[in-house]
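Each structure below is given as structure tokens.
Two complexes follow with subunit A in common, the first pairing it with subunit B and the second with subunit C.
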Partner chain A sequence: MTIINAADYDNYELLQMLEKMPQPEIQISHVNGQRYIACGWKNNKRLILQGTVGNNLGAFAEGPQIVVFGNGQEGVANTMNDGQIIVHGRVGDIAGYGMRGGKLFIKENAGYRLGIHMKAYQEKKPVIVVGGSAGAFAGEYMAGGTIIILGMNSNQALIGSYCGTGMYGGAIYLRGEYPSRNLAPNLKKEVLGADGLAEIKDYLAEYVSFFGDTMENITSAPFTRLSVEKKRPFAHLYTGFVS
Partner chain B sequence: MLLNEGQVRIPSGCAIAGIINRQGQGFGGGKIIDCIANMHQRSNGLGGGFAAYGIYPGFAEYYALHIYFDCKESRNDCERYLTKNFNIRLQEPVPVRKQARVNNAPIIWRYFAQPKEECLAYTQLDEHEFTARAVMHINAAIPGAFVASSGHNMGAFKGVGYPEDIGEFFRLEDYQAYLWTAHGRFPTNTPGWWGGAHPFTLLEWSVVHNGEISSYDANQRFLQMHEYRCTLQTDTEVITYSFDLLMRKERFNLAETISVIAAPFWSDINDERIKRLRRIYGGLLLNGPFSIIVATGNGLIAVNDRIKLRPLVAARKGEFLYVASEESAIRVVEAHPDEIWSPGGGEPVIGLLADRENLLDLAPHNDSIARPA
Partner chain C sequence: MAHNIMMPAFKVQRDEERCIRCGVCVRQCANNVHNLDEDGWMWVQDDKCVACHRCAVLCPTRALNIIEYPLDFRGNQHWTPASIREIYAQAQSGGVLLSGMGNPRTYKNYFDHLLINASQVTNPSIDPLREPMEMTTYLGNKNHHSCGEKPQLKLDIPLMFSAMSFGSVSINVHKSLAVAAKSLGTFWNTGEGGLHPDLLDFGRGAIVQVASGRFGVHPDYLDNSAAVEIKIGQGAKPGIGGHLPGEKVSQDVSLARMIPAWSDAISPAPHHDIYSIEDLAQLIETLKVATRFEKPIAVKVAAVHNITAIASGVVRAGADILVIDGFRGGTGAAPMRIRDNVGIPVEMALAQVDSRLRDEGIRSQTSLVISGGIRNSADVMKAIALGADAVYIATAALIALGCHMCQMCFTGLCNWGIATTRPDLTKRLNPHLGSERAINLLAAWKHEMMEMMGGMGINAIESLRGNRLMLRGIGLSKEELGLLGVKGVGE
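Take a look at the complex of A and B:
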């Protein structure tokens, strides 16, 4: 594996160099705020980052596997198409913004607007798993894909306000207790036992394989599945007509 | 020839940072410069600045006026006005280090001054109000002059350039402050000029801001009714004056002030008193996306707009509190904080000196807005 010390380069040089490196596996130490790492990458490289990674990590990426030992900032997996990002820490706001494929695993908390405007199409199904809590507006305008919020080891409420506002597709899974006043109105809520988790079992197993903990512990609390009742829930939002 | 702003466009967003030692121990400007320099990409070279508290202990009882002048005539006009109204203990140029990346600097002086007794007696104003109005007068009526800062034992150092270059220009390593704030600017709707750089100050207040105050005009009209004149062509100015009005003049506490400027949605307000404040001071709601750091000699608060449309991270390490737009800016000066977190929208991070309880030390007013029984 090739090892780079991010402190030796300025942000632009680092990105230029990474772009040209042919190695399939690269480790970067001392990352601290460098933006746009793996942005737009269309390859299957494996990238291991140590430190606090700057904004838009893996934005528009299609394929790479990125592991962060540290925290992410804003826009992790922004509009990501494919690949996998695993953060052994917390992330800032708008993680998974407009994500349309691939998977994002976060060990601790996510900031505001997690997975806002995620979407799915045919075989492209984005997935976000958050080990801790998520800030306000999680899943706002969500059109497709899966968000799972586990609330393990978090001392704050599972979700912030306005969760699922304007949602018209996809599903949000909440583990255990959550403040129901923080949910947008008109969401379909189903409480699931361990046997109702077939759809997300593989994702939970992946979470366990990355971050430890056990499947028994995770499934020891009931899950609530949030989705939308109607196909086009906002068709009449502004017109007032009911057809 | 260099292209002016408007002829080139460099997309980015502002950066803010603040550090306080809660025991009041001073430290040099190097730390805050490292902090803000780590977010270099958030600014575009059209503004950088710092506020420093505790830097003039030898003149602590004087208002330290940092004033920028376009030309000698402006300085003469301004000094004529100052000597008429203030006793000036010392006046001198603010020491700077010329450097290639900071150009077209104005003439920058500082004055350690106290309002003249006879002027206070004649105007029937307390010395804070007298000085605040003098600042308004200089900014509005003396062409080519504006006041960069006017508080006790503090100063603002700001200009057009990247913040790290502005810090070097003003020799900030030579100052010892227990509280520093910093700003790297990416001007959005208003010109990048020396007066438009952050922090925006009045008396001991300073504000650095990332975002946009889209309610600027409504706010400045409201402030106009209370003797504030917005002359610096930038939205952030209204934040400084809103805090000054609510806390110094109206004497509301911090929670009440925050409930006005970053008010929750009406449906989320349960407290009858907060509802009344919201009705009366609706004109001071700061609408739009923002994260700000507001400081006084007593400490700092950092707060977001109510739905958190700009980033903000806070960390604690021993007696130090750090706030910044990005976590990396904190890590660069404190790799292993005791605690690091992202505050929610409208939830202030408060870092006061250990022996202080509020941002200002004023006695509360007779309360004109009754608390419900």
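Take a look at the complex of A and C:
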């Protein structure tokens, strides 16, 4: 494995160097807010980042396998097409905005607007698993994919206000108690038994393998699945009109 | 449900002596206006007619005519028929009024108050038929002092096809415009609905959009493009998001956008990763990094009240091309109140932004492209003289393909195969003929522009750019002349 010290380069030098490096696995130490790492990458390179990564980590990317030993800032996996990002810490706002594929695992909390406007089509199914809690507007405008919020390592409420507002596809899984105030009214809420977790069992197992904890502990609390009954929540808002 | 008290908007007239009961009108009308009984009896449902003229144009014996419904309300200058009918529609449905295409109201049109100059005696005119006329235009950041040369778009004419998404328009519109753009040496724009797999070969000729819904945005889409355009807003509906009605989200559209079929495609009002100019700068930078600094990044905003300050911010954020869409800009669907009452004329926005960017010394960092209701080559000339580097057209291009401006794009029932995703309607637009008509239109405009430039004694489009001395205002107040930066006629 190749090891780089991020402090030796400016932001763009670092990006250009990473882009050119042929090595399949690169470790970068002393990451301190560098933006756009792996942005737009179309490869399966493995990056191990130590420190706090800057905004838009893996934005528009397709394929990179990224592990962050530290925290992420805004826009982690923004419009990501494929790949995997594992953050051993917390992330800021709009993680997974418009995500179209791949997986994002976050050990601790996520900020506002987690996974908004995620999409899915056939084999492309984006997944976000948050070990802690998520801020307001999680899953807003969600069109597809899966968001799982576990609340394992957090003292905050599991979700903020307006979770799933304007959602028209996909599913949000909430573990344990969650505040129902300001939850979008059109959401279908199903409390799941042990057999209801089949759809997300593999994702939970991956979470356990990355961050420790046990499956027994995770499944000790009931899960609620949020989804939409109507695909067209706004169908009756408008009136066509021949003037 | 309350009793519907709305009378039809249009009346279909059939000349019984000419009608041969062939049934073309019945088959052509997706709105089911025309009906032919088994016993040969033809009858119409006026209230379903949108005046798209498809039946009248295709009627082999010219037996059909469509007129505004002749039943008049009692004359009233304040409560016009339209304002009364709008209330009927809302009282019936409780819905937000939806409409298509651009603002049709009677606001002042500044293009129609500007006149173009010509040479007489003191400097000779140039005949474009005999002498070369340079129309090439480069779009991008021209400030090469720092960080070397920036990527540019090379246009053989200062005209491009503006953003219309696959979904809002049919695949055959995209095919027509993609082929036409390639042949004309210019670019087309995918709009925000992604690039259809059939058109991958035309990606390099496309400006690809990244809008708030991020539909169809992936690394190959960004790479396989001429430039990337961040859509912040559009002139037909500044400040609000997009809404592709579920009726138009067919399997194909669903695939391109990665959303469930027949669901509404919602573009949020803002990009949720852009809440400030600094955030915009970050998305611009992200896209530059993602495309390895090989492509110009455009930012499209609607012309609104504070457009000069916004434009300054957008340029400082790093936009290589700034697109300003005026309030006449078209749309596949917009709330009528917003379309008709929000935004400002692009002529005024353009003149003010061009001046502001010059005053601030940052005009060379960006190319200015305007759009929104450009109807002909004279509008293009005036826009360039006011300071535009190039002009986007969309409505004019659709009219060239057969659009009859019925403004019902949001229904998905476009009888001309334009604003629809239904395969049986889509195939009515033949992309070979469509591209030919779009090429004809722009070739004709290009020649008209060369004639006008020649008349001024100008032989390069660059010499017209921002050359407001070539314009005079007519019927404008001193204040308006000042804002446009042009002299009045006679001055």
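FYI, the second predicted complex is superposed on the first by the 236 of 243 C-alpha atoms of A that agree within 3 Å, B and C clash if a C-alpha of one lies under 4 Å from a C-alpha of the other, contacts with A are read in each partner's own complex, and residues count from 1 in each chain.
We take it that contacts are C-beta pairs under 8 Å (C-beta built on N, C-alpha and C of every residue); 3 or more make two chains touch, one makes a residue touch a chain.
These numbers were taken from a predicted model, which means no experiment stands behind them.
In the superposed model, A:G176 lies in contact with neither subunit B nor subunit C. Subunit A is touched at more residues by one of its partners, and among subunit B and subunit C that partner is C.
In the superposition on chain A, contact of A:G144 is made with subunit C only, not with subunit B. Look at A:P222: by the touch rule set out above, it reaches neither subunit B nor subunit C. Touch criterion met: A:G51 reaches subunit B, while subunit C stays clear of it.
When the two structures are aligned on the shared chain, A:E74 is found in touch with subunit B and with subunit C. Shared-chain residue A:R35: touches subunit B and subunit C both. Judged by the document's definition of touching, subunit A residues 35, 55, 74 lie at the interface with subunit B and also at the interface with subunit C.
Those residues of subunit B that touch subunit A in the shared complex are 38-39, 41, 307-308, 311, 313, 326-329, 331-332, 342, 344-345. Those residues of subunit A that touch subunit C in the shared complex are 15, 19, 35-36, 39-42, 55-56, 59-62, 74-75, 78-79, 81, 94, 97-98, 100, 113, 116-117, 119-121, 124, 140-141, 143-144, 166, 168-169, 231-243. Every residue of subunit C that touches subunit A in the complex is listed here, in rising order: 8-10, 49-51, 82, 85-86, 89-90, 92-99, 212-215, 217-220, 222-223, 243, 245-246, 254-255, 257-260, 262-264, 266, 268, 272-273, 282, 285-287, 289-292, 333, 335-336, 407-408, 410-411. Across the interface of their complex, subunit B is touched by residues 11, 32-33, 35, 51-52, 54-55, 71, 73-74, 90, 92-93, 109, 111-112, 135-137, 160 of subunit A.
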